[in-house]
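Labels run A, B, C and D following the written order; every chain starts at residue 1.
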């Protein structure tokens, strides 16, 4: 065992012996090391967040045919630092009518609800915070805290637009939580465990779950985008109607927390996409060399993040009623149907040859997707045909 | 290691506070908040007894989950009733809803 | 000697009790609902201490993610009473306080009556025992609790339909 | 996949298809029929896998050598109600024909409902399509067949029907059998009344539903009796358990001197009388021809009526529980009588029918009578064999007649003369040249029905029934069934001759047209079975052929029973009889009808005299029921129940009670309240002044505040709890 094969263990042993050498009792040292680990993990996440600001700005610019930041540092890579300095030195305003305590807690809760997700992320083999046996549900629980922070921010601002934005966001988050939970159940069914480590390991030993449930990964991606409140589902901000939504009254670093939380959230969901459907840290030699696995993981998460951005800067915002109808009338029934199909095929085929099992899963997903498209087509065809005759009357 | 009685005392405290909320608060929504506290107190007991008893017997946890479901149903129906009442009488103060007074 | 789990328990119990008192005493109902969130979070921690991890997480998802949010929505939808700065307790609050106290004393009396038998400590989790799969099996196996589970789901469905019906604004039609 | 798993899954695809089509795809015809046919195909493949796996099991059917699996379903106190599936030899062969015929009927329906044709000009949902006008490349207008407006709905119902039949076949207990049974009852109602805008279809649907309901009520009684007597409804625990059977046979039911077994079997058999259209509940089946033809094939060949016979075959051990081999028990005699009578009775009616489908309807009743009769005299294998062969050739005949009607409709659209009934055989003739595939397949089906010697399946199965009757010396049955068989051959040849042979008698018949491949392919497939299926059941000692193929069917299905039935000894007499009646009937039919010209009356009309209208009007059974059942019922409900019971007796009692209460109230007021309370106590003694403050004080407790009441409730609860704690524990 050396640093390259199990870095966390090596570091842990080293720190324990170090603290022990200082004459510290073992439980105390253990607690201290754990706390240190938490701090380091959060720091890494936040440093990554700074990097994400640059990526986001650069990618937007490219989508819009611009260059993006290019003055500070090579390719403008140090642009986030001036950004942060600006945010920090801005006046920190708390509106008069605001509910001060709630107003100040909300941004912390918002960023915190994202950061606690990192506790369960298996970044590489043998590198993770905790191996929680209900991790898939834990993600939803953290999302619930996010919902809470939004409504707290919206309400405490004492501003109509903020409250409207918060209502919209909460409506969206609660509705899209349902297909998302259903799709989290797909890997759970396939593995028989909600632990993210077990889910990743199952994909390392078998195939990426994308091949078992392509439709599931698509539904998960859509509902994740809605959970994040990113375009085309960014009704919470809706500049043209409600100015800036629930964080309209926030300025300075308080706004910064919302902003940082959103970016990190998007990246983290990219990571979850990777874990649930694209093998997590799986890649060549990743099992032996965890740092390589961490590299793969970040790469995959960035890819997921990039897809989310791609969608965001390509697709225009839709109307709130369309969004909710889309969820309740289309995505939710479809995700339940997929769940039933997945469970049935899994139970029926799990004893068959592996390639047969994969083929059955993949085909059943495609079939369901095809059927859905056909059904939608037959409905819209009727609607389309009905339009000209309606115009006559 | 925490003895069973700690949980029971905690649950008793929580239950009594919830009961006070139900009996004393004016606002119908606040009454429902009190009910939630009482339900949670019960749940603490159920789970504690599961943990201290036979681990293989899942009755405690299953009951807790059913209490969750009941709580969710109760809140959904209760709050919709409150909102419906609010639309009709423009109040959610329980004392003002005294049509049944002699 | 007090150990780590006891510290966590005492901290969360303190959080639960303080928040619960705030829930029933603060004037601003949104604050009351937020204090409820904090109470429920404390209860989730208690579940975690009891190693009922599924319930702990489900507590957060169901109570904080759904029930508390619903409360906050309802408070906001009935805003007239939210703004009133009047007393939030009714005339009988002294009686209520007295009764609640009696209930607590009675419960404490009964609990203490069992004496040492309640000082039982939790047994260690057997190696390889997964309470989550045990719970899942208990919920869906006909020998277990499939029927109560089904009944609970029917109840939820009925509540869904019923609350939509009750809260539907019929004046518009 | 484990065979048991497949068996569990068999009813699922059609059921899912039903829900999918109803909920989602009903807007798209192509999608709906793809789902419907696809589901039928899935179930078919599954059934074939199960069937061939069953063939490969040695000693299949004996003891534990079956496919069975069951799960606890509902906790009933300490025990569980278990449901499950099982495939034994009997259900395996039934599954075989059910899967084939259902798949063929699904495929056929695509063509029958004119998929791919344009929408009709004046078509309405609930009416058969009337045809559409199209303009071809040269600007000529043509009238062509139009697509069924409720196409998707048809496949949805058909799917549910198939799911019901599969459920029934794979069931391992009478309860789930009954579930499937009732699903089919519902579907027959929905499908017979498929063209619900036609009053006749509506009435036929209601008639079918109500008539079968009569049988179902008795069947449910039988189930209840069986459950209370044995505490289970599982086949294995009742029919394969000598102790239980013996116990049931020994127990007296106190009804007509029947044993419990006999009474239960008869009650269940009444369900079959309704479902399989036996006399006297046969009246719904001919009317059911109002449904689309694939439905007729589905109900009358593949599924529903077969289900009735299948059930009697299932309960055969119960029916014969106290039978020792020779003299028939009371229960068996009843069954045998009803079957035999139905066989001859329906055959006579079929002779005088003009509607091509009505002939087949009565022939179905008659053939089912053959099977029931065979069961009644203990010929288990023969009944099962005839059930299977009949399903094939009757499905073939129905689908063939649908094809004929379709061809005739083509002619009707061509000439535009809508007064011509495309189902009346007198309007046909000479169709063999226009519709060759339909002709040849119909001929095969007809010959199988008549029992044409050696080459057709119907010959072998019918011969076995007659041989059984002969071997056990049931002369009356033998003679009656032989006559029925003669009539069968006669009316079949009459039908073939009138429809296909000779010259066209109308212009429409001249312009008839062969139907698309989706319709002719099922005909061809079924024709193969109508010919070939008989070869699996050739008696072992049959001259010449017997040794070639061992009597596979007998050995395979015979293993279902605890005591394997013995094959009857070969005798040339029943063989001669069946040769004679089959060939004689066919020849007679051909001779009588070969020269019929257009406008000529039925040649039978003269020789039969008054008998002819009697037969044509179905022995006046509908009129009989209308007069003796429906009229009295209407009278009872109208005059007795409504006018006398409800309005006079019950309302009268209620009114009296109300009047009495009023009287008591006013008396109290006038003689107690006013004089004593008000005047004496109140005014004279002045108690008024004490009552009022007391009332005032008490009314304060009635605050209308829910929480005050709750405080009271909690206080009382605490007091009671304290009292209980202190004094009891």
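Assume contacts are C-beta pairs under 8 Å (C-beta built on N, C-alpha and C of every residue); 3 or more make two chains touch, one makes a residue touch a chain.
Please read all numbers here as calculations on a predicted model, not as lab measurements.
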Chain centroid nearest the full-protein CA centroid: D
Would you mind telling me which chain pair, A-C or C-D, is linked by more contacting C-beta pairs? A-C
Chain centre separation (chain A, chain C; CA means) in Å: 28
Using mean CA coordinates as chain centres, what's the chain C-chain D distance in Å? 55
Calculate how many whole Å lie between the centre of chain B and the centre of chain C, each centre taken as the average of the chain's C-alpha atoms. 6
Using CA atom averages as chain centres, what separation in Å is found between chain A and chain B? 33
Note: chain D residues in touch with at least two other chains are 705, 707, 711, 714
In chain A, the residues touching two or more other chains are none
Find every residue in chain B that makes contact with two or more other chains and list them. 19, 23-24, 94-95
Each pair of chains that touch: what are they? A-C, A-D, B-C, B-D, C-D
Using the touch rule from the top, collect the residues of chain D that touch chain B in their complex. 699, 702-707, 710-711, 714
Mind listing the chain D positions that touch chain A in their complex? 1, 5, 9, 20, 24-25, 27-28, 31
Can you name the residues of chain B that touch chain D in the complex? 19, 22-24, 31, 94-95, 97-102
Tell me, which parts of chain B touch chain C in their complex? 1-10, 12-21, 23-27, 29-30, 32-34, 36-37, 40, 43-44, 47-48, 50-52, 55-56, 58-59, 61-62, 64-66, 68-77, 79-84, 86-87, 90-95
Can you name the residues of chain C that touch chain B in the complex? 3, 5-6, 9, 13, 16-17, 20-21, 23-24, 29, 32-33, 36, 39-40, 43, 46-47, 49-52, 54-55, 58-59, 62-63, 66-67, 70-71, 73-75, 77-78, 80-81, 87-93, 95-97, 99-101, 103-104, 107-108, 111-112, 114, 118-123, 125-126, 129, 131, 134-135, 138-139, 144-145, 148-149, 152-153, 155-156, 158-160, 162-164, 166-167, 169, 171
